[in-house]
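In what follows, subunit A forms one complex with subunit B and a second complex with subunit C.
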Partner chain A sequence: MEKREVTFRIFRFNPKRDEKPCYRDYKLPVPKGMTILEALQFIKDNLDPTLSFRAFCRSAICGSCAVKINGFPKLACKTQVLNEVEKFGTDILTVEPIDNFPVIRDLIVDWEPAIEKLREVYPYLIPDPEVVPHTLEEESRVYPGELKKFDIFTDCILCTSCYSACTAVKIDEEYGGPFQLARSYRFAVDPRDALKKERAKVGLAFNMWNCVRCEKCADVCPKHIAPVDGIMKLRGLSIEIGKRDNPGARHVMAFYKSLLESGMLNEVLLPLRTKGIKGIIENLPLGVMMILKGKAHSPIVKPIDEHETLVGVMKAAMEVE
Partner chain B sequence: MAKFAFYPGCAAKGASKELYESTVAVAEELGIELLELPQFSCCGAGVLEEIKDVMDIAVNARNLAYAEREGLNIVTVCSTCLLVLRKAKFHLDNDDELREGVNEILSRFGLRYEGKVEVKHFHWILLDELGEDGLRERVKRPLSGLKVYPYYGCHTVRPESVLGYEPSENPQSLERIIRALGAEVALGERRLECCGFHAFWPAPQLSMKLTGMNLKDAKISGADCIVTPCPLCHMNLDANQKRALKAIGESFQIPVLHLPQLVGIALGIDERRLGLQRNIVPVRC
Partner chain C sequence: MLQYDIVIVGAGGGGLYAALETSKKKGLKVAVISKVFPTRSHTGAAQGGINAALGNVAPDSPEKHSYDTVKGSDFLADQDAVELMCETAPKIIREMEHMGLPFSRLEDGRIAQRPFGGASFPRTCYAADKTGHVMLQTLYEQCLKNNVTFLDEWFALSLVHNGERIAGIVAVDLKTGEVHGIRAKAVILATGGHARIYWKRTSNALGNTGDGPAMALRAGIPLKDMEFVQFHPTGLRRTGILVTEGARGEGGYLINNKGERFMKRYAPEKMELAPRDLVSRAIETEILEGRGFKDDEGNEFVYLDLRHLGRKKMLERLPQIRELAIDFEGVDPIEEPIPVRPTAHYSMGGIDTDIYGRTRIKGLYAVGECACVSVHGANRLGGNSLLDIVVFGKIAGEDAANYVSEVSFIPFEESRVRDEEERIESLFSGDGTERLADLRNELSDVMTYGAGIFREEKKMRETLEKVREIKERAKRLKIEDTERVFNTNLQQTLEFLNMVEVAETIVLGAIERKESRGAHFRLDYPKRDDENFLKHSIIEKGEDGDLRISWKPVKITKFQPEERKY
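Our next item is the complex of A and B:
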């Protein structure tokens, strides 16, 4: 079989011994179909037995082999070397430990900070005694329409790829993290759960409004889950249970109001509607600059044509079960 | 040349009117016909999903239906509108039950979504309709010597499963346009990072820090200016530049252009028609 020479530039670091990390190059012939994990194993078996990495199932099920390939977190066992070579147009692939975690050694990271946050969101079903029968003789039914709401989120294998890519986690240590908040949502809409929508309060405690919607979690998930979608829905549940006195929720309501009024966002009223007087004061210098530059417009927005069809569609959609 | 239903989005219709002006000017110069439908509403920027996902999808199905009625594909200049419209389309096209339910609502207002309409970004159609060579031929004022930092904006490329124009991990569309205009690409590390715009209201410090880091990366790369196809990124990078740099303890100025502004300069279009005077950080040509 035809093979291609590929250089693996691998992050090496033993915090107990090394002052700082370094990168070491390993060149090997790669046949079509070879995975990153197979390449790492080849290196360990033939070139450098000291190379450390985690792996187990080799079938994208256990979630233990996530590493960063040319800057993006991926399961080593699910990623083919030559596909990456082609995508990045290079014969050199950089392999590093995933971000947002302390390194234990080489490509192995300490998951504890993320797992601790997971523990704190009560990542399990708390049975609702009114729904879940007391004996095993009776069934606890979940209907297809109910399952559809959270089915995809049950596919998470805790590989932490999303957590490592998360923009909010990088800046805000207190932020809950994508898979943790999505897990919260998964139980919040499970008809058997006792807490249900109240779980949105856990999301609030974990700064869920700080999600920047960068969609990285949706992009890197090896199971094609979009944790960001769960986070946005969990925010929605917080509004539903009346947690509206915060800029995030007020910002949402400002959009809703704008659409009902004219069909277009009223940008001029957005600071006031989202943060009250504080919003105006904070953004005053910017507002003045915008007026001077001719960017500002009137706070009265002309309604779009056939605005009544928009209002009708919105109202009808709100009534859908 | 092709004709599209133009979906400018609230930013271009509001505080980023220079984006609206430059898009219209560039399209006119290149013979791309843009028909703005007066029935188009705000896409909800994704936040409508936080009230009710079906409403978000129904509102955008309405937008898609108006374009379908005209028999035109949609072109937008806002990356968040792009994502929201494409996401709605993605769900509608892949879920028969949802599509039927939404169509039942639309039918009460004489509308219907069939799934025929496509939603594209303005810079995609520049590449698809003209290509790099076609664009290069139209350049009257090559931007030689200008070093441009391509800043994509999250919703221009992610998630790839919904946007799909190019690989989200290594997109090249902006680089291709920059080179076709005769300019040089400034190589940076944060071209695909987030500007934090969507967390600006709940977490301004976080948002400003991210924008500051991106601006600094552009500066380090030796760029003369930044170009972005997203007006929301532009808002943070340009209008909030001073505040963003302050958040990371820096102070400098770097001009930030909307993609059609950069293209327009190279096409030799008058600066005022490109709204360059409206950019907060001054642009000197």
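Our next item is the complex of A and C:
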């Protein structure tokens, strides 16, 4: 059968011994069907037994083997080598440990910081005594439609790919992290949970408004979960329970208000509505520049045509949610 | 030396349930050690579901569940254990439901149930095709809630006891490479299965290497019914990765190269939903008799056809299976049938325990796939393994918690830690004339040849010789990686050494059991022989290091052995 020579350029590092990481090349013939994990195991078995990586189930359910292939986090076990070669148009694949974690050795990272954050977000059901029966003779009733609200988030395998790609994690040490906040949301909408919407406060405590909605977490998730969706909905719950006195919520409310008023985003009023006078002062130099360049619009915005229809659509959408 | 009241080895469903149970008792110091981060455990790969006679879809009872289980076991299961498991099933399902486990639901909000092989009713509770995954996540969440102590990525090396009571274990912290003694009043082994012995064709995770049974064997603790290894009918053609029984539960067909649903010849009534041993033999027979398919690489297979289920049902009920087939076989089951072949899947045999998970050594327990209670006998029914681990994990956890509050620690000889350090040192200084990958593949080939789906005396004898030869040659393995930090070369070598030891017990048991029963099928003894073999095989290591076999009666309560027809 036809095979293709592929070079694996692999990150090698033992912090206990090496001053800095290096990359080592391994060339091997790749048959159709070979996964990145099979290639790594081939290298370990035949070329270099010191190559260190984690792997377990081989079938994309245990979350052990997330690595970076040409810069993108992927599960080694479910990634076909030849697909990557094709996609990147190169016979050289760089394999590195995922970002945002300390490296223990080669492709093995220390998950502990992310798991520590998971432990902090109350990642478990706190049963609502009104819903969850007190005896083991009965089950709680959860209707299919209710399950649907959080079911996708229970697919998370803690592979930490999303955490490794997260922009907010990079800049904010206190940020809760995508899979962690998504799990908070999962319980917030579980009818059996006692905290329910109150769980949005956990999101607030872990800076959920610092998510910049880059959606990388959704792009890299091997289980096709979009943690960002959970975070957005958790934000929504925080507004519902009246936690509006923060820049994030005010920013969203300002958008909402703008649209209700005119159907257009009132950018001039946005800083004021989000951050108050402080916002005006902070944005003053930019504002002045914009006025000078003729880029600023008047603070009074005329409603768009069919504005009433838009408002109707918005209200209907709110009801559906 | 580290010291805990209870040490649990393994963090799959069995280990975590035991941990939860012990955490209910205040003041106990408990640690769970696991060679992988807890939610990586292989429980997570169980797709199809967990059996319990809830009767949510059709009237059902624990007694009927017991009967199906005993019949499925080919009457080798201990019926007191089966009854205990099946009676506990509805309660433990609800207990997990109350913990937040996201079961799939019926329109009226109750837990949904699907049909499974060997069951008389739709009895299998499920969460789409990710039941084990959500169970593992839910149990881990609850352990976090109860502040369970975890030693993640620690690998257990040996058991320490004084011939009567357990003193603790020796383990290596993989992150540092340091060997530690861990003193404990009770140890619960929950290390999982050993089907990885069939390295090249198995559904198992890379780490299902029989660490628990191997440690037990070395410590003089008997193993039971080791000859019984279940081959799951539907592994993916290339990798052996599993396609859940749920796929047949939802109505999938098995098709040969004549386009026939060939199960009509083997189980006219149950068809594709006959028990696993029967379906696996049917597929192998079709292939052996020339009615299978063959691909360019020489893989032989039949088709699992799900196309008639339609896109909607597939996406709703079997989304993971669809993705597996696409990622690993390049086949979208909505458009094309899936190429499958039986794959080594489940170890019915294991460490001999009673219904509380107790072993011969006081304070040493074993639960789940590494143990043999026995509830699965000669063949496990789909949906009963997840049930086994949670029921007996809970029972053993409770029993151990009571036990440790009544006893004190016994002495733990420091020299036992040095013994393990020396054993590891010697692996670094082997002469290196043998290679790990070669020996692993050879073991797989020879086990498939002599101790696979079809067995016969001559081939088994050859296999036994060969396994012993591989065990000798393994002494010449050398660990090439000399680093201490996360040495996966060391770990894989230790795992292989465990596998060879366990493999020998499988072949020995298979040779001695001169009958066919459940997953153990002998061409030279094709009939079940209740007169001579309605009994458990017990294998242990004597003082001289040789394996000895003896037998133990089967406990029969309600169900007298009868012919097993489907």
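In this text, the second predicted complex is superposed on the first by the 317 of 321 C-alpha atoms of A that agree within 3 Å, B and C clash if a C-alpha of one lies under 4 Å from a C-alpha of the other, contacts with A are read in each partner's own complex, and residues count from 1 in each chain.
By our rule, a contact is a pair of C-beta atoms (placed from the backbone, for glycine too) under 8 Å apart; a residue touches a chain by one contact, two chains touch by 3 or more.
Remember, it's a predicted structure, so these values are computed and weren't measured experimentally.
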item	value
First, second, both or neither for A:61, with subunit B first and subunit C second	second
Touching partner for A:233 - first (subunit B), second (subunit C), both, neither	first
Contacts of A:45 with subunit B and subunit C, given as first, second, both or neither	second
Which superposed partner A:117 touches (first subunit B, second subunit C, both, neither)	neither
Touching partner for A:132 - first (subunit B), second (subunit C), both, neither	second
First, second, both or neither for A:199, with subunit B first and subunit C second	neither
Partner chain(s) touched by A:172 [first = subunit B, second = subunit C, both, neither]	first
On subunit A, positions contacted by subunit B and by subunit C	none
Interface residues, subunit B side, partner subunit A - complex	10-11, 13-18, 38-42, 44-55, 57-59, 61-62, 83, 101-102, 105-106, 108-111, 154-155, 158-161, 167-170, 193-194, 196-199, 201-204, 206-207, 209-210, 239-240, 243, 277-280
Parts of subunit A lying in touch with subunit C, wherever the complex brings them together	1, 14, 16-17, 33, 35, 44-46, 49-50, 52-64, 78, 80, 104-105, 108, 111, 115, 118-119, 123-125, 127, 132-133, 136-144, 147, 150-151, 154-158, 187, 190, 192-193
Complex contact set, residues of subunit C against subunit A	36-37, 39-42, 44-45, 54, 90-95, 97-100, 102-111, 127-128, 130, 133-134, 137-138, 141-142, 144-145, 175, 205-207, 238-239, 241-242, 296-297, 320, 323-324, 327-328, 330, 435-437, 479-481, 483-489
In the complex, subunit A residues that touch subunit B	70-72, 87-89, 167-168, 171-172, 207, 209-216, 218-219, 224, 226, 229, 232-233, 235-236, 239, 246-248, 250-253, 255-256, 258-259, 263-265, 267, 270, 274-275, 279, 282, 286, 289-290, 293-297, 304-307, 309-310, 312-314, 316-318, 320
